[in-house]
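Below are structures written as structure tokens.
Below, subunit A partners subunit B and then partners subunit C, in two separate complexes.
Up next, the complex of A and B:
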């Protein structure tokens, strides 16, 4: 036993898969201890905030201001407001307004903005320009106001007694705050999703639920498959015929279609994560049963089984002691595959909208489903679906690696 | 064969077929066999002649297609697990391949303890059990202290087969079915094992069915011999009678096939 475990950890593939998988497990276990937010708490008003560090504007205004003389600050400010695309759009307007193209230089910011403020007229209609495009230019004009000014901004507050605006503070262009001194900041490493929930917290919770679904489904499938395979293989005869009839029926029916039909008929309200796991488990035991049966058939006429019979052992004792240990390694590999395919099946079902009901727990499949419904892939909000995809891929990849690693250990012919 | 001797085990018209239709093979074809008390009977035949199938039918590990087995004059009934276990207290076996005869997950102690339990020694004190196991091991020149807590695959093939004999020593069955017990063993260990087997037989007076492909071995150990070809007994009788004056050509061929050191092989009969 100890020897086998040493052998297992000498296989590079198994070790790699095992480390990836245990890293995922450790994150799933320890992350909730540090971030105590509910995974389904809605943080953001709005959809798909990009990943980044969020600093409270109100708090940063009242924080101590430090004056830093950074030479490229102004250039960066302009570049952030006036992108390359905007410069080309300005040129397009100016050309349409009748300024010769040779006089326009998109690299000279000051000259370009001077020409723009001299010529832009929101009421002027340019032939062939859509309303949306005109509105874009109006928005652009507003955002460019005061871009090149070196003056600071004034902060005013309404006095509740006199109802008049009173100047509270001024913010200079060279003022900086230390993020550590701002009372409220929040790191959203993966941004927010369509409901404004923190994707990272949600992803960790979803990974946990998906792993649970996978484990429950895999265990159920392996248990059913193992029991039926052992009975059919060892006892044989009529019992074998009946079990193989049912198994062949399940083999012929496409499992995923069956899964969809069962999930659909259960109904949205009854579909919890556990129900889905049981349904997946009940539809995916077929291959385990067939494989175990054929292994048992090759084992049941071996001499050690005959000797055990001659030693007066009961059928249960023989199955548990003389058959099961010989196929245990195989069953463990089947279990690992069943778990990873259970996770994939849940993701598949949930993408189709047939996963667990949405109000209680997130799962990896549900997160994909939400991202798809709110068109994250069209809007380019990669943080809503890419991390989920990577997580699913890593889980199944690590499990398959462990499986091939185990295969190499248990089947010496595959060792390289 | 004197008439006072009791018939222990007899088989009447045993037939065993595998498969159906075109694939149907008749492994054992209408075989009669009488086994007298205390006798050593050899069943000799080449590979595929149905020896092992017949032995499994006699052991009750597989069911015959037709025919009956009588044990001590009564038709054998092994329809339930309890009756089978009762039957197996009387008949035991040593298998051909010692390497596949043991469950590799069980230690040697448990193999021997199973035998003590089967003989009703389940509730004996532990010291008594160890004493019995030590006695059984020393009977076959093994040291129990060295074997305890070891796994069967840590032994050599000869040691494993001797452990099998120790097992039989503990079980003391009335009939022992030895299915080519020495065919996977090297020639040096072979003689030791055969001697131990015959020694055990002398001590317990049990009846032995010796299955082998080696007619020389059969002559060495047995009182009477059955020659088996393609599922049938073609010749039977006392060992001296059959082997020294063979009548059937198949028997003659078997005798011819025994390798001899002092003369060239007659390959014309092969």
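Up next, the complex of A and C:
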């Protein structure tokens, strides 16, 4: 046993797959210990907040202000609000408003903005200008207000007694806060989804549930496939015919279609994560059964099996002691593949809206489903679906790598 | 749609009631022509009604309780006689008025051809595809299959008459493209293959803010459109505990509406701070119909957990066995909130409703049955709703129209729908209040505006006090997002049109006036 494990870990492919898989497992186990939020808690009021560090504006006003003299702060401030494209648009407006083109210099911000504020009129209709364009100019005008001001901003508060605004503080343009000193900050490494949930927390919880679903589904499929394959292969005869008849029946019906039909007929009320796992397991044992059967057929006339028969051992004893150990490596590999295809099947089902009930547990497929419903892929909100895709890919990739590694070790034909 | 007024189009001037409000008289424009060149006459209007009655069409059976007859006095003048009650007054003058703007006039000559073709068989008459129908509008059929319907402009259209627009509408063809789903429609809008999109595009502002596309909506900022209908959560008034107004109101005031509007609707609904809760939609016409100040004390903006708890404590609905959930009559308050599966914005909203329950000690779980199951359960109003599974459920309410807000209020509050085996009208929670019924019955006959406002205010008062149902968001009649790659000058707020062209898809009601304003971006 020890020798076998040593051999297995000498396979580069297996080690790589195993490390990826272990890393995912470790994250799934340890992440919830540090972030205790419920994965389904709605944090954001709004959809698809981009990834980043969120710093509370109110708290940062009252945090200690440090003055930093950074040389290009003002230029950056202007560039953030006024892009090259905006400058050209302003020029376009000014030309339409009758300013000679020679008098407009898009590189001279102060002059440009002066001309803009002197001439811009939101009500003016320019021939050929669309409503979308008009809205753009109005938005631009609003965002440019006070852009070149060197004064600080005043913070005022309503005095509850007099009901009047009182100046509390001013924020200067060179004031900085240290993020570490602000009372409320939140790192949303992967942003939020359409419900306003933290995607990273949700993704970790979903990975756990999907792994569980894959594990249960894989275990069920392998158990059924193994049992039927062993019985059919070893006993043969009528039993073999019956089992192969059923197996062939299942082979001709596409598994995924069967899966869809069963999930749909169960109805949403009963569709928990565990039920889905069982359904996936019950529909995906066929190839394991066939493969195990053919392996067993090649084993059953070996000398040691015949010897065991002559010794009067029972069928169960022979199967467990003389057949199973010889195909154990194959069964393990089949199990790994079944787990990975179980995870994929859940993702496939959920994307069609036939996965587990939405609101109890997150799964990888459900996350994809909601990202799709809220059109994250069209609007370019990649953080809502790409991390999920990568996770699914990593899990299945690592399992397939482990499988290939095992194959290299156990299959004499492939051994170097 | 925006101001609650009816504008004459085929009719020459406004319609008029007689002194007793038993007859409506109006004239047909002398310029109005069918596409075969013959004039549209009063006889066509009268014959359309006669055909509805004769073949007992859905329109006929829906209106015969209110309309006695429609007659042609001369070639241009039509008289509609209302059905009179025992007191000699019209049964429902409002629905008689509504007939004017909600039904097509069908040419008499063509109807007779049709009758001959179907040999008087009512089923065949209704099923006839009417390929050869005469039409008085600006466009006729050009092409139709499963993926699109295309109309072509009638170059002889009578809208060119000097009394009308004096010109033809701008586009020569109108194509209505049918997409597989919202995502396909959004992609086409992005690519500029669609000029006017009337579907829900989530985070519509990303089109111009992030992607810089020439796309705009009716309003430049959130909520981007004018709400017309009120998607509503109904309470099953037979569920234990939900027969108590205090429990209903506590749940309603604890719900986090800003999150529903920001997340489920991606801000494409006015908030309840902007348009306080009532039975009216956010249009100016309807908002003017009730006294905002009189019901201000009954309003709630949501997220009021402490208020909800206080309300329940006061009503004696408390957690007596210490399990964290409140009991009523010794029974734990536990409800299921539901809406059809796959109706994503409603599902997201129902999730937020359920979250509110946990905050105030009422267990609310969610469930999403398939629509086929959901609709049969909810619309079966001749028996109480099932004890389990449908305690809080979402349905729609009426949008804008000539009978509104009366029609919407009736469908939210009137007990007349209880007992219907297949109720597609409303009041699915089976609420019954004689005071509300009396007001709903009295409004159609009332003409005094001050009195009407008083009655509407009273109804809003009942609605906010009793909370038989509560609105979760406002939703436009149809979404209105336009891509100005080819055409521009689509209706938008303050576009200078008078009366304002409403944000519909330019093929419905007064919105067709918008077709005359369109211009090419690069002529």
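Keep this in mind: the second predicted complex is superposed on the first by the 407 of 416 C-alpha atoms of A that agree within 3 Å, B and C clash if a C-alpha of one lies under 4 Å from a C-alpha of the other, contacts with A are read in each partner's own complex, and residues count from 1 in each chain.
Rule of thumb we're sticking to: a residue touches a chain if its C-beta (ideal position, glycine included) is under 8 Å from a C-beta of that chain, and two chains touch if they have at least 3 such contacts.
These numbers were taken from a predicted model, which means no experiment stands behind them.
Peer 1: Is A:194 touching anything from subunit B or subunit C once the two structures are fitted on A? First, second, both or neither.
Peer 2: second
Peer 1: Contacts for A:315 in the overlay, against subunit B (first) and subunit C (second): which applies, first, second, both or neither?
Peer 2: In the superposed model, A:315 contacts subunit B only, not subunit C.
Peer 1: Going by the contact rule set out at the top, does A:149 touch subunit B (first), subunit C (second), both, or neither?
Peer 2: So A:149 meets neither subunit B nor subunit C here.
Peer 1: For A:80, decide between first (touching subunit B), second (touching subunit C), both and neither.
Peer 2: Touch status of A:80: no partner.
Peer 1: With the two structures laid over each other on chain A, which partner does A:303 touch: subunit B (first), subunit C (second), both, or neither?
Peer 2: Touch status of A:303: first partner only.
Peer 1: Provide the residue numbers of subunit A that touch subunit C in the complex, in ascending order.
Peer 2: Subunit A residues touching subunit C: 42, 44-48, 128-133, 135-136, 138-139, 194-196, 267-269, 353, 357-359, 370, 372-375, 377-380.
Peer 1: Where on subunit C does subunit A make contact in their complex?
Peer 2: Residue positions touching the partner: 182-183, 186-187, 190, 201-203, 206, 208, 210-211, 213-216, 220, 258-259, 262-263, 266-267, 341-342, 344, 347-348, 351-352, 354-355, 366-370, 482, 484, 488-490, 492, 495, 521-522.
Peer 1: Using the touch definition from the top, list the residues of subunit B that touch subunit A in their complex.
Peer 2: For subunit B paired with subunit A, touching residues are 56, 59, 61, 81, 84-85, 88-89, 92-93, 95-97, 100-106, 111, 114-115, 117-118.
Peer 1: Please give the residue numbers of subunit A that touch subunit B in the complex, ascending.
Peer 2: Contacts found on subunit A: 302-304, 306-315, 321-322, 325-326.
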